[in-house]
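Single-structure report; data block below.
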């Protein structure tokens, strides 16, 4: 019986690993512990721990490691405190395998604690190219990890170039596609009616935009200007919009301020702001929207599987692979507006399985249950 | 005037960066801050901070982040606390560039603090292949760093494979060779006479072995057995030996115990144990020894430049490039003994410049003074 | 030249120590360092560090130690992280004296770092009886402190009972009275016009209530109910009100939610909410209000000196001395309303100097410049 | 069923709380969790966690919070890290009551975590007067604690003076007396034969001194001189001696150095050094020694109950109550020598129950099982 420990640091982390947690939990040869930390515990970031409990998953422990502040110093300290806490928890729990998700800055603490403590580290969604500090974090984790579970063939190639053992790289597809596959269809307006939100009313059965724009940490001094351009374009489009609140990264305080001011101003006639949705509800809202706008990776991944047109803004996803559903723009309101109109015209598209077939969780569980738990690593030269 | 901050976490860190600190300090366009932390502050690891002060270098601040304990949990927590502290110090000092040295486990905290806080990170001695967790740490740092200062051509190739920008990779040679070049020659027995040491007496003008063997962190449960094999071989050789105390890594407590017991036993007729030497004194002792034995990288690098025969034991340096002065063995006393005899017979060898010409510090300073301080990174595909 | 280090953890901390910092700064025999931490650095708690800089005081360093979260676990961790940081800073700065202010939970970290590191600890506003965890913190600090600067005679007696050396207790009065004395008079509506606030408009030259109610940490599960009672009473009074946002303590998230919902509802016709005021502006708003309502200590202290009628609600100030300007009530909207009407009728009152004459800062500076810096303590028995 | 959590930070902590842990564990209405941290986990301080496990007590979790270093900065940081860890553990375990022992510097972290998190804090051995920072720590804990379990009547009076509720103060006697009562008698030389020790041989059936001298933290710069005086006196006495290694406090590194040098010198003909004894073995060694010498509280407490003559040196126990078995001296070798001779002459004395009857653990368990778990505190005035 292998003991697998998942560390979940945020709403986005959870959405991308949920199906894998469930598959491991149901696997006869695996025992699961889930640790939730950082913004995953905070009300203002969607209180993921409560969502996890509602999903019937027991939380082994909670790590209060989010150091408050609107500057990068807090990101670094949050990661340091997380490392201190996870070292304690891994020492206490002695798992055989630790699973870390993707690339948020705090997750480097999971990778360090696990690899330093000679525990097999499994990493999902490695090998993607996105620019920004997230990419550096992602590759650094790859260099500490023992088992790689990327989501695309291109990512597999990158991980190989990084010198990892090809036999320890498993393209399982993206676990977020699992959620898209598993989520029972519901009308998006019915879904939305269960959330209060603040701002303009959303009219039923009319097309709506779904907007998510996170501050980019290497550009956090421009974050205000960037969000303003998007706000302008969405306002100008005169299409009603569901706007999802951004992440905890540095720069979000000033971004939040701009959104808050606009939300309460008279100029707001079409946009309704929401703090967060459950992973499943998010899928149905995405499935039901006319166009997804912003820089969320779901505009690339889930949207591709679901055939939803996507307007991707700026540098955050700049090097990520993408399907035909995506139109890219700069941080420029008229460009963004044009792209929105273009996508509205095109409408719903064919599903594309480039990010997986929706069975990533099952594959991950099967591999973890049987794989050789070797922790020695060797650099593989490519030529 | 650019502000360059060096973080020194140990005796070995300092030896490898000292010439660069000095060159930057003397450069008209650079201002230097030195932060010392972890075992660099501890008496039982050679109190590097005092050595630094004696070298005339001002220490900007000291970080007490070494979490005590004989298990990997302490390594992880030391790194976490270091990250918390360095984030504070970088926020306070606001350097333009942070320099991190090589690959000790704590140094990952320097890399994270710097890169998360949008400060240009310069990394020395990246790209080397050594096996063990150190190598994972080293490559993870490369993926967070903006400027790379590897010590060999092979290392340059590895950093390129890791996807780094070839224009940001500078082969300056190894700064430790600088020390070897700059250290005035002194008779090794004179040097040794300034240190007390404990154990057998060292007889003047007779050949002696220099032994340094650090526990390997991924094998720390075998550390006792491994050190015992070396001890056996050195004892059997009947050549007198200068034995340098190992590093702080996990596993060293039990290793220290074995050494301590032997040191005080009647069986010890030929070995004298020393806590540490200054970097310069170490060079002269290395220069004067008949053979260097163990798994220190100085047996590969400085020994190559100085033409000293080296017996390299086990996996710690397993993938590092090496010159003709090195004979490799397993953790096996008779193999080790045989290699010692072989090397004694060969005697002093020709200098080899594969690890640099001894001007690494000057080159580093010149580059830091003028290089573009860009923090955006992009993955470079090799084909 | 003695080096005095002040640690400021919040807006309230600063208001109560500002005059002392200034007096020490101007003293010929004292050198001052100011460290700002926790909520003192956060935008949503009034960004005290910026206020300090605007006051012309140099900040030696900033400590990002606020661990986010709405539960007491975060209070404890914030204190622990503060202790780690202050130990570093005190080691770096080596002050002769550390000054800690009053009793916020984080300030225990200042007291521990200073006393453990053999640095003379001076404590202002000790010896007050208030119930709640703050009182326990305050007395614990007294037991670690070497020099006591209480604000009232009753407090002096309490500190004596706590076994402290009577010769090390100096009743200097409350430094917050200094602010009241030193602040140039300004019309409160003019003052208010410089702040935006959110909610109903404040009409000029009409009487207004000033409301501040912080969650009580030992009752934090009742915090929502308690704030609702006050909200009800203030609404019912039909007197316009300036409502100042509460502190960062546990429980404030749900309190903030209630206030935010009300603020944006149609029911709000009389209340305007403000995030914070500078210490001086606060004095003029307090000076100009008809009644101060809530549980802020300023309703007891500054209000007494200024002769402002005060309605003090609940347990937070329950054991504090008070003058004739105060009427106490329970957490009950009709009681509160009645007390407000009573105080409106009574109107402005005679100044009372029971909390000091406004020269506390000067006295503190003079004593610190000359006092014996003994760190050995002895318990004084009373009989 | 009440959940009681004990935090054990050192060998000495454990000896003084062991009987209480056992009594609570056996109590039908109590559930026990034991957390071990700091030097309690370290090999060089006696590895208490292993002793606890051998005593059949399950350890719920281990906290690696000892920050290494020979300066007070490490004491403060160890406490801060302990606070961070205990907040996590108390949040995870949600005990009804936390028990903290006596006054070591780290224990303040237990007191803060518990009281800030609204968990009832029980404190043993409060109210004692000893001078030094330990006393400040002890009283600070009293001010945070809800239930007081002092060991003497005089201590009860001090706690009352500190303003605590007389109804929450229970004189149970000192739990260390429980160990003395419960430990089966064994010949001291037989006990000693189970420990190796280093130094001179101990001759059987001849009188021996038992020496324990900890560095005093407020005098840590004098620690070397102080230990040297004692060493001189013990050497001069020509009576053989069992010398127990000192605690982890600041200053111990240089003290350890002096002891180590002496231990291995030719001058050492009578002293054998031991790292540590189990609590029970310690009792039998104390019971069998001719005189206990140094500044351990066991020379005051257990020695009194056992009728062992004691030479108490210096300030560490200066204000503690003491029985007739104690002779006090300064840090002066000739004074110490004279006192040793005096006590050797007097010989074994009558037992004295001033520190308890040996049933403290049972009493503590019974009270914790039934006491009102109120966390609100009120200051009690004495007149």
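Should a chain be cited, it is by its letter among A, B, C and D, assigned in written order, with residues numbered from 1 in that chain.
Note that a residue touches a chain if its C-beta (ideal position, glycine included) is under 8 Å from a C-beta of that chain, and two chains touch if they have at least 3 such contacts.
Given the structure is predicted, the values throughout are model-derived calculations rather than measurements.
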For this session: If you tally contacting C-beta pairs, which comes out ahead, A-C or A-D? Let me know.
Result: A-C
Seminar exercise, completed: If chain centres are mean C-alpha positions, then the most distant from subunit D is chain A
Exercise. So, what's the distance in Å between the C-alpha centres of subunit D and subunit A?
Worked result: 52
For this session: Can you check how far apart subunit A and subunit C are, centre to centre, with Cα atoms defining each centre and the answer in Å?
Result: 41
Seminar exercise, completed: In subunit A, the residues touching two or more other chains are 64, 71, 73, 77, 81, 84, 87-88, 91
Exercise. So in the complex, which bits of subunit C are touching subunit B?
Worked result: 61-64, 81, 84-85, 87-88, 91-92
For this session: Would you pull the subunit A residues touching subunit C in the complex into a rising list?
Result: 41-44, 64-71, 73-74, 77, 81, 198, 253, 264
Seminar exercise, completed: In the complex, subunit B touches subunit A at residues 71-73, 75-77, 79-84, 86-88, 90-91, 105, 108-109, 112-113, 115-118, 129, 131, 133, 135-137, 139-144, 158, 161-163, 217-218, 319, 375-379, 381-382
